[in-house]
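Labels run A, B and C following the written order; every chain starts at residue 1.
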Amino acid sequence: MLRYLVRRLLLLAPILFGVSLLIFFWIRALPGSPAESLLGERATPALVKAYQQHYGLNKPVYVQYWAYLKTTVQGDFGVSVASHRRVISEIKQRFPATIELALAAMLFAVFLGVPLGFVAAKRHGGLFDHLSLVASLIGISIPIFFLAIILKYIFAVRLAWLPSVGRISVLIDMKHPTNFYILDAIIERNWHALGDVLKHLILPGIALGSIPLAVVARITRAAVLDVQNEDYVRTARSKGLPPVIVDRRHVLRNALLPVSTIIGLQTGLLLSGAVLTETVFAYPGMGSWLRDAIFNRDYPVLQGGILFLALVFVVVNLIVDISYAIINPRIRYS
Amino acid sequence: MRGIVTRLVLPFVAVAALAAVGTAGGASKALPTFVFAGASDPTYLDPALVSDGESFRVTEQVFESLVSLKPGSTLVQPGLATKWGSKNGKDWTFQLRHGVKFHDGTPFNAQAVCYNFNRQYNFTGAFQDASATYYWQTVFLGFHHNASSDLSPSLYKGCTAKGQYTAVIHLTKKSSSFLPALVISSFAIQSPTALKKYGANQGELRNGTFYPTGTYAFSHPTGTGPFKFKSWTVGEKVELVRNASYWGKKPKLGRVIIRPISNNTARVQALQTGEINGADLIQPQDIPTIKKNKNLKLLNRPSFNVAYVTINQSHAPFNKLAVRQAIAFGLDRASVVKSFYAGRGQVAQEFMPPQLFGWTNKVPKYPYNPAKAKALLKKAGLTLPVPIEFWYPTNVSRPYMPNPKLNFEAFSASLENSGFKVTAKSAPWRPDYVKHVNDGTAGDINLIGWTGDFGDPDNFLGTFFKTYSPQFGFHNNAIFKILSQAAAETNYKKRIKLYQQANVLIMKFLPGVPYAHSTPALAFQKKVKGYTPSPVGTDPFSPVFFAGGQ
Amino acid sequence: MSVAELEAHEVALEAATGGLWRDAFRRLVRNPAAILGFALVAIFIVAAAFAPLLAPYAPKEQNLLLVARGCCPGPSHKHWLGVDQLGRDVYSRILYGARFSLIIGIVSVSIGLSVGLVLGSIAGYVGGFVDTLIMRCMDVMLAIPGLLFAIGIVAILNPGLYQIMIAIGVVNVPIFARLLRGSVLAQRENDFVLAARAVGVRRPVILFSHILPNAISPVIVQGTLAMATAIIDVAGLGFLGLGPQDPATPEWGTMLTDVNDYLQSAPFLAIVPGIAIVISVLGFNLIGDGLREALDPKLRGRVGRFRERKAFWFLGRRAASRA
């Protein structure tokens, strides 16, 4: 186990190195430059040339890459071309936003998906089972932005139950010690702000959670079917324990183990998967930021931001794999 | 600072607000808060270093220039200077307003004026970048020490403070377009004390990236305007508060919040839900929705733009006048303006808006006429259909071109009816499209346009046709000459004549086909009063108030 | 027939044919969800194949007179699903749009599948350094968010129909490569492969005639699911403004781009292409799901957790690439 852990940790370095190379050369292959994207009609050829010089884009590629690698290793992602702010300080603000959104999506998926999967397994082969299967597949089959737009139109614009944009009402003034607004509100004991932040998370959370919902429901179903036939469950049943107790104490608890690892895995994926949701809800997270950076040709943001997301992705996957090995000793990693 | 909630109106937060008012104590008597949405965050809050509308939207409230615009027009009126004049067209004397103070309490005077102009003139290194000092380079061309040979010698020579309240700006050449350009926020007067204290001129190049080390532009912009800067949370809001010691009419608002909502529909929806009080950049398709809503209203931004089809003459056969005329007759401009501008556009006959002096109705006209277009093409000795590569931008909505895709599709169909065979090409607006247009690599014809920065024809015609450009790919000395002559002319009446002649020349020569002047729309809650949209997009928020309280 | 009789019949059938495929097919046709999937995909393919016969108008035929009084008149007897901003018939465009979705889906999945197949089987079969090198490259590709990756590729190549296909194909490569490698690794130690090796069959022959045919079933499943994802990905790229060059192209994703703009003033413009996408994607998902269950009976009853985790890992990956 320890050897496996060390080996996996060592593997992170080449992957991240590869990602940095890929991003770097990808960026150099992009047509256009920040000058045109930032100046629009007002960009003249002379200005564009000046920009290239200014950002060192006329130096040999290996020199540029070496400079990039050196500073990145020191934890310095540079300064955004568009906002003139340090990339790292923007990540500090936007990453918590996306994490909160991903957590909201995950909570939605679990609280709806686990009961759904459980009932489907209990009625294995029945109508409910088939219906829940189709329903969960519909969840996967709707383009996320389509779902987000429809949800927003109904619940924010028509019914006016929930806010339509942003992360927090702009009228609220609050200090942000952590930039996790839920935590901030609790630290500041601002319950009004807390409620407001939560309301802003509902619609984007549901939109982003539609896919994990389907995944969680189905994995729960499979796991419950699996556990139901285990010896200890049969023993519990034959002892004459009431079915509710058996389900709660033995079936669900054991079935939730694989579910929990899936949750971890999905969270890692959601972190990177919020581009469209954030666009629809004008939510200031990593996804919409990186999308803008691609269109702006904001090289430092792309280099820093994508590398950071890749780091999060591989680390989350590592944690999931390890926790999986701990939970299920039957799986051995060589 | 938790829970400073003024009297809340927004229906959506109303319930939540009740809870908050309890904790906020007596804050409910405060002046109302105005929440306005633009498309994105400001770039920077040092107006000397930006050129985008979203930054100016904020700096316009915090800073003031020597001269300003009469609300809703492009006419120059007194700002921080009460009087100005020049005997020789080179030395301009400004009499300054007395008793004005910057937000940090330091006095506004002639020294401050000269400090600001000299500051930009002496910019070096990264500050000479086009994205940083675009308007200085547009108006004053170069710097004290030009870092790049691409820059021209400066028009600016120096500034003299004569006593407390008289500043003289010296130019190297006569200029008549210099004064109206001073209304641009980039030439606003900032507090020299704050600029120095918060390191506005500090910045370094690190690994080729400009890194501002000062905090001025992010957290300490200090001007003389009706609102003071309070905070800026990227992606969420810029917050301004009332300047209680403003020299002019004091604002009726206690707070202004400007928030970025990039998606056009999201902006309208936020207005419908009451999360914002007003929004800019309303799209034609949303206009019926706003008209139907009894709580909302539309305001017009006076038209000050032009959308046009570039014709690239470096590609044969478009160097032939008959072929360019065929294009002009083959573009169904009337239908496009009627169908896609929601009644807020007029067909453009020339490359500058009718509101500006120098416009004339005596230019040749090219109404849609497919038969005539085909005849012209045949006359030019071409076999029909004539292949033509036509470019349009994606992922963008410009004030003069709300939906480029629809304009393109309709034009493309009308050209095909007129003897052309269209090849469609597109590129995302950010970042390649404009590059292709400027480099002359955006096909034979393409869609583009311009929104004026200040009230001078040179800002339109001069920008397009004063010299050779790869975009249009033609040499026409008659046009080049008359435009340079008009820009230098100091006699107003002679200037008008010259620009009228230029417009006729241009529309005969057809370097492109102008097709629309639009009237962009803004939307507000009905109770918002006193908002006057400006043609150049820098709207003052200080006269805004709420009818019947917020 | 009683249950017992049915089972007896089944057993007899299985004995008679014995084939994995027929067995799987039988399970598949008894799965109502999969049948629904086949029906939806059949509609989709018919629309694509016979669009010129079914459509009352040409997909690019404009009629600005229809929208002269504002956008956009809703459904009428002349235009069953209304007209768009340029007065084009939405019903006709939806039918023609099926062609583009189908073509984009097939081409992009073929790209992903063929490249992934080559890389994955080489990695799995050769092993050692080659395996490590290929799979680390795949890890690198997987570590970048799928949609951002696709946007990035389109950004380099400039937007266009082919570019979109390539982008989505490339995003699919590591998924297929991992899948193939896993299957090949599993098959490599099978008796029949060991036997073939023992009698001296050459390695490429073993790979192509023994291992790959047996590793193909998960590929079919993944291929079907990837078709579904491809259609959604195209819509996502269209929504972000990276659709086909010629905007007149009746492509569903690009048509849906307007969903946001017209939801209030002309809701059918937004809803119709949305529903077309959901129906076709759902069809492929249902088939893919049914196929998985049919081809891998172990997934249905008792489930090896690790296997299940892997299966869902791909599901999750798809989620990320479209999210």
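As a convention for this text, a residue touches a chain if its C-beta (ideal position, glycine included) is under 8 Å from a C-beta of that chain, and two chains touch if they have at least 3 such contacts.
Fair warning: this is a prediction, and the values are worked out from it, not measured in the lab.
Enquirer: State which chain is most central when centres are taken as means of Cα atoms.
Expert: The most central chain here turns out to be A.
Enquirer: Using the stated contact rule, I'd like to know whether A-C or B-C comes out ahead in C-beta pair count.
Expert: Output for the comparison: A-C.
Enquirer: Can you compute the centre-to-centre distance for subunit A and subunit B, using the mean CA position of each chain? Integer Å is fine.
Expert: 38
Enquirer: How big is the gap, in whole Å, between where the Cα atoms of subunit A centre and where those of subunit C centre?
Expert: Centre-to-centre distance between subunit A and subunit C: 23 Å.
Enquirer: Would you kindly tell me how far, in whole Å, the mean C-alpha position of subunit C lies from that of subunit B?
Expert: Chain centres of subunit B and subunit C, defined by C-alpha means, are spaced 46 Å apart.
Enquirer: Where does subunit B touch two or more other chains at once, residue-wise?
Expert: 263, 266, 395, 428, 432
Enquirer: What positions in subunit A touch 2 or more of the other chains?
Expert: If we look for residues of subunit A contacting two or more partner chains, we find 31, 153, 157, 279-280.
Enquirer: Among the residues of subunit C, which are close enough to touch at least two other chains?
Expert: Residues 155, 158, 240, 260, 263-264.
Enquirer: Which residues of subunit B touch subunit A in their complex?
Expert: Answer in residue numbers: 1-6, 8, 10-13, 16-17, 19-20, 23, 33, 35, 41, 43-44, 51-52, 126, 128-131, 134, 148, 150, 205-212, 217-218, 233-237, 239, 257, 259-263, 266, 269-270, 272-275, 395, 428-435, 438-439, 448-450, 470.
Enquirer: Under the touch definition given earlier, write down the residues of subunit C that touch subunit A in their complex.
Expert: 32-33, 36, 136-137, 139-148, 151-152, 155-156, 158, 228, 232, 235-236, 239-240, 256, 259-260, 263-264, 270, 274, 277-278, 281-282, 285-286, 289, 299, 301-303, 305-306, 308-309, 312-313, 315-320, 322-323
Enquirer: Under the definition above, what is the set of subunit C residues touching subunit B in their complex?
Expert: Touching subunit B from subunit C are residues 62, 64, 67-68, 70-71, 85-86, 155, 158-159, 240-243, 245-248, 260-265.
Enquirer: For a test of understanding, state which residues of subunit A touch subunit B in their complex under the given definition.
Expert: Against subunit B, subunit A makes touches at 31-51, 53-57, 59, 64, 67-68, 71, 78-79, 81-86, 90, 93-94, 97, 152-153, 156-157, 160, 163-176, 188, 190-193, 195-196, 199, 279-282, 284, 288-289, 292, 295-297, 300.
Enquirer: Within the complex, which stretch of subunit B touches subunit C?
Expert: Contacts found on subunit B: 263-266, 283, 285-286, 288-289, 335, 338-340, 342, 392, 394-396, 403, 405-406, 408-410, 412-413, 424-428, 432.
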